[in-house]
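To keep things simple, chains are lettered A, B, C and D as they appear, and every chain counts its residues starting from 1.
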Amino acid sequence: MNTQTREIIVEFPDIVVTKKDRLLIAGPCSVENRDQLFRIAEAVRKSGIRFLRGGAFKPRTNPYSFQGLQEEGLAILKEASEQFELKIVTEIVDASHIPLFEDTVDIFQIGARNMSNFHLLKQVARVSRPILLKRGFSATIEELLMAAEYLVSGGNTQVILCERGIRTFETATRATLDLSSVPIVKKISPLPIIVDPSHATGRSDIVASMALAGLVAGADGIMVEVHHNPPKALCDGLQSLTLESFQSLVNEIERLKPFLSV
Amino acid sequence: MNTQTREIIVEFPDIVVTKKDRLLIAGPCSVENRDQLFRIAEAVRKSGIRFLRGGAFKPRTNPYSFQGLQEEGLAILKEASEQFELKIVTEIVDASHIPLFEDTVDIFQIGARNMSNFHLLKQVARVSRPILLKRGFSATIEELLMAAEYLVSGGNTQVILCERGIRTFETATRATLDLSSVPIVKKISPLPIIVDPSHATGRSDIVASMALAGLVAGADGIMVEVHHNPPKALCDGLQSLTLESFQSLVNEIERLKPFLSV
Amino acid sequence: MNTQTREIIVEFPDIVVTKKDRLLIAGPCSVENRDQLFRIAEAVRKSGIRFLRGGAFKPRTNPYSFQGLQEEGLAILKEASEQFELKIVTEIVDASHIPLFEDTVDIFQIGARNMSNFHLLKQVARVSRPILLKRGFSATIEELLMAAEYLVSGGNTQVILCERGIRTFETATRATLDLSSVPIVKKISPLPIIVDPSHATGRSDIVASMALAGLVAGADGIMVEVHHNPPKALCDGLQSLTLESFQSLVNEIERLKPFLSV
Amino acid sequence: MNTQTREIIVEFPDIVVTKKDRLLIAGPCSVENRDQLFRIAEAVRKSGIRFLRGGAFKPRTNPYSFQGLQEEGLAILKEASEQFELKIVTEIVDASHIPLFEDTVDIFQIGARNMSNFHLLKQVARVSRPILLKRGFSATIEELLMAAEYLVSGGNTQVILCERGIRTFETATRATLDLSSVPIVKKISPLPIIVDPSHATGRSDIVASMALAGLVAGADGIMVEVHHNPPKALCDGLQSLTLESFQSLVNEIERLKPFLSV
């Protein structure tokens, strides 16, 4: 892999995000219904954010948990995308969904549970969309880069890595956010890396602190979960920012930007 | 899930394995060529073992590592199966391979990296073959049982769990074999559980000790890697038993059986 | 360190325990009062066990938890030792207690929390008593052997190692019992190693299974917690065997012995 | 414990450090000789830092590794303290050293290996000096706070906590710096908490990034290792900043301060 740093994190005809800009992605854990997604999408767009996350196909540990709205979820995401001029980031869990996703999704996400699903990586590598590759719960930094290599060697160089915490004995957080991975990745790979403090910590009360820390550690962006009514969220309510606290975080990030190095 | 213990681990028209028998599975990490597989298959069969493992589709961390012989590997496995009257256990990495596997494979293995690939679990649940479900590197016992529930609730109750070690800070072994999972699973689930000391430890010098310990802890069987020439194996040579040390282990297991409770 | 295996695990004028015998140690987490200790000591002795454990100085995470009876606890242990002809195994937490311990204690235990308290190791190395050195929660096997080297190089070669589990993400057990450490230690060190399944698992329902598995893995002995009334124990009740289940375990160990190699 | 936040981190007749100031501590892993310590102390002082770290009694995993200059090291620290008007932070490993330390040391450090050495904590609690309590390798945040409670309940409320990384499976860093502990501690405890990125990461190339990230996460200070000639350091050379890179980090911290909240 060429280790020269890429200046552009992600590029679309109408939006180019450079490392200097930082890539900010926000939205709910999952698309629950049209009203929910539109309320959140509107707030995200008002904050100046252009990338909306939201799960349609949800990989859930418990087979009896809410599995996502699936095709219907994608349709709602597409509508929100058009109405609010937002790019859609959502997780793909099976290669057979690729045609469906190509119609709607701007950034394909490979979730932590699928980081080592090499068959999926090989198939998604052929897609002409950027890919957000999340670090597995128990993946080393080297294994994350190897997984990215499945994408790059398969033809897709628009890979964005995402640190989202690793499993440790600590139970105060859902996972242990390993921010050291950020400067390490930047030393050995040209790929951009962003941080997801929502899934890592599982606690909305420290998401903002860890988001800012991630940026100062060198992250090229942040992905956070936002919900207009976290206690009623169908998944991950404990880690979702309210619309107000999300706006505060966006303000804090703007305030911090002059300090950040490119 | 019904918590009454199943007496039969796995059942075929010509072979029934009960908990009292224990399920023993052996073979190489991957099918390398016809000669290699046949030499190992012959030795396995001579030891009285009826289940041959061997990878055809290999999920490898590094995209440039040997990825398995794939369809050709399945064909060699089928031939060995017929010649030596062995049942074939091999890993499926993508749902699109199901028809191919149904023609050759007696027990479908879901590997550790795919334990939380719920999409694959849902598809494989529809297959009328027993499924060997390996614990993920970083999966809790509860998550292993939840993954099994994807199979059971999807219609396949012939699930065999497999403890194969979890990731910890210890570097003397490849993973840390968590034998406590064996008696715990047996207390809360009717599913059989076997132990894979080869992948857990990554060291052939302690595989036999841990295999015997696993059986005494209550495991319903053992899966081990065997190779006629471990230093030349295309993968996992360090953890493969030689044919001689494999025969010794089989003898030790026979000697231990009177001490095991059903 | 000389890697020739020691045949004798521990030796006193009246009791010699060889590897063939195995070293069995049992008793309560802590000495609570004379009546409690005597009831348990009597049952331990009746089972044929000659080594009684019991904490007098307890290192507790919470400063407001019961800290042990201290000097009074030692006095009760001494009395029980004389009445039932038992050797006493108890933990020393500070070098200043050495003279006090030398009067009462037959085997000095260094607890998991103090395995890397090198100052304590250096002081205890000068004592002419066997030392039971427990593996730290987060110590590698190599670090355990290095800690032992503080004792051996300090002049005390009567060291007995003890595997008691390491910290991992798994929450079904208190720690993860790493039985692989047993055969590994035996390959690289002449020191005996025993297993403590009580502290490792924290669950009395799997202690016997893991004790037997430990012996089959090659352990030179077992240490377990026993209490005549576990629900009322002042500490670690959940992991203590009742007197009845303890007697069953002793019977199981006797039944297994012919299978065990020396 | 009173959860009202303390405004003063540490206070001496001539120096008061508030949370707004942040506490910066720098120096070598160990005192090697007078010339070494003086060169580093001079550079530390020139950077405006008033707290010098340096080990005199070193807890080393290997008994044959350099164990520190001990009393001679304390004497050199005292001399440097006087010459450069620096406060001395050094680790105490045994309660019997308290009188010796009281004569020289301004902040008593309890190292990670001794966080759960409750006997030492109880003794040091009686000292009228601030105590820097490092988180154990495998201690949860709750256990760190419980260890602090041994100090506070023992009479010493001048406790400063220190996050220094926990043990995980990741091998790219020496430990995994758990910066989430910083905002969590601040929500549930009035005690200040600083970050030690040198011991956590073990790599000088990411120490500055993680130091800045720690401050943004809310840390009340930073402790880093500095050496005038890292490749020749008797311990921890790989993680020591050079005098130049240390000065750069101090400059970066100054540049960051306006963005930090109090």
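Odds and ends about this structure:
Following the convention adopted for this analysis, contacts are C-beta pairs under 8 Å (C-beta built on N, C-alpha and C of every residue); 3 or more make two chains touch, one makes a residue touch a chain.
Being a predicted model, the structure only gives us computed values, none of them experimental.
When each chain is reduced to the average of its Cα atoms, D sits farthest from subunit B. Two copies of one sequence, subunit A and subunit B, touch each other mainly through matching residues, since over half of the numbers at the interface are common to both.
For this pair, subunit A with subunit B, the centres built from the Cα atoms lie 35 Å apart.
One finds 48 Å separating the Cα centroids of subunit B and subunit D. Multi-chain contact residues of subunit C (touching two or more other chains): 138, 167-169, 171.
Here subunit B touches subunit A in the complex through residues 57, 59-64, 93-96, 113-114, 116-120, 136-138, 143, 146-147, 149-150, 153-154, 167, going by the rule given at the top.
Residues 167-169, 171 of subunit C are the ones touching subunit A in the complex. Partner subunit C is touched in their complex by these residues of subunit B: 138, 140-142, 166, 168-173, 176-184, 187, 200-201, 203, 205-206, 209-210, 212-218, 255-256, 259.
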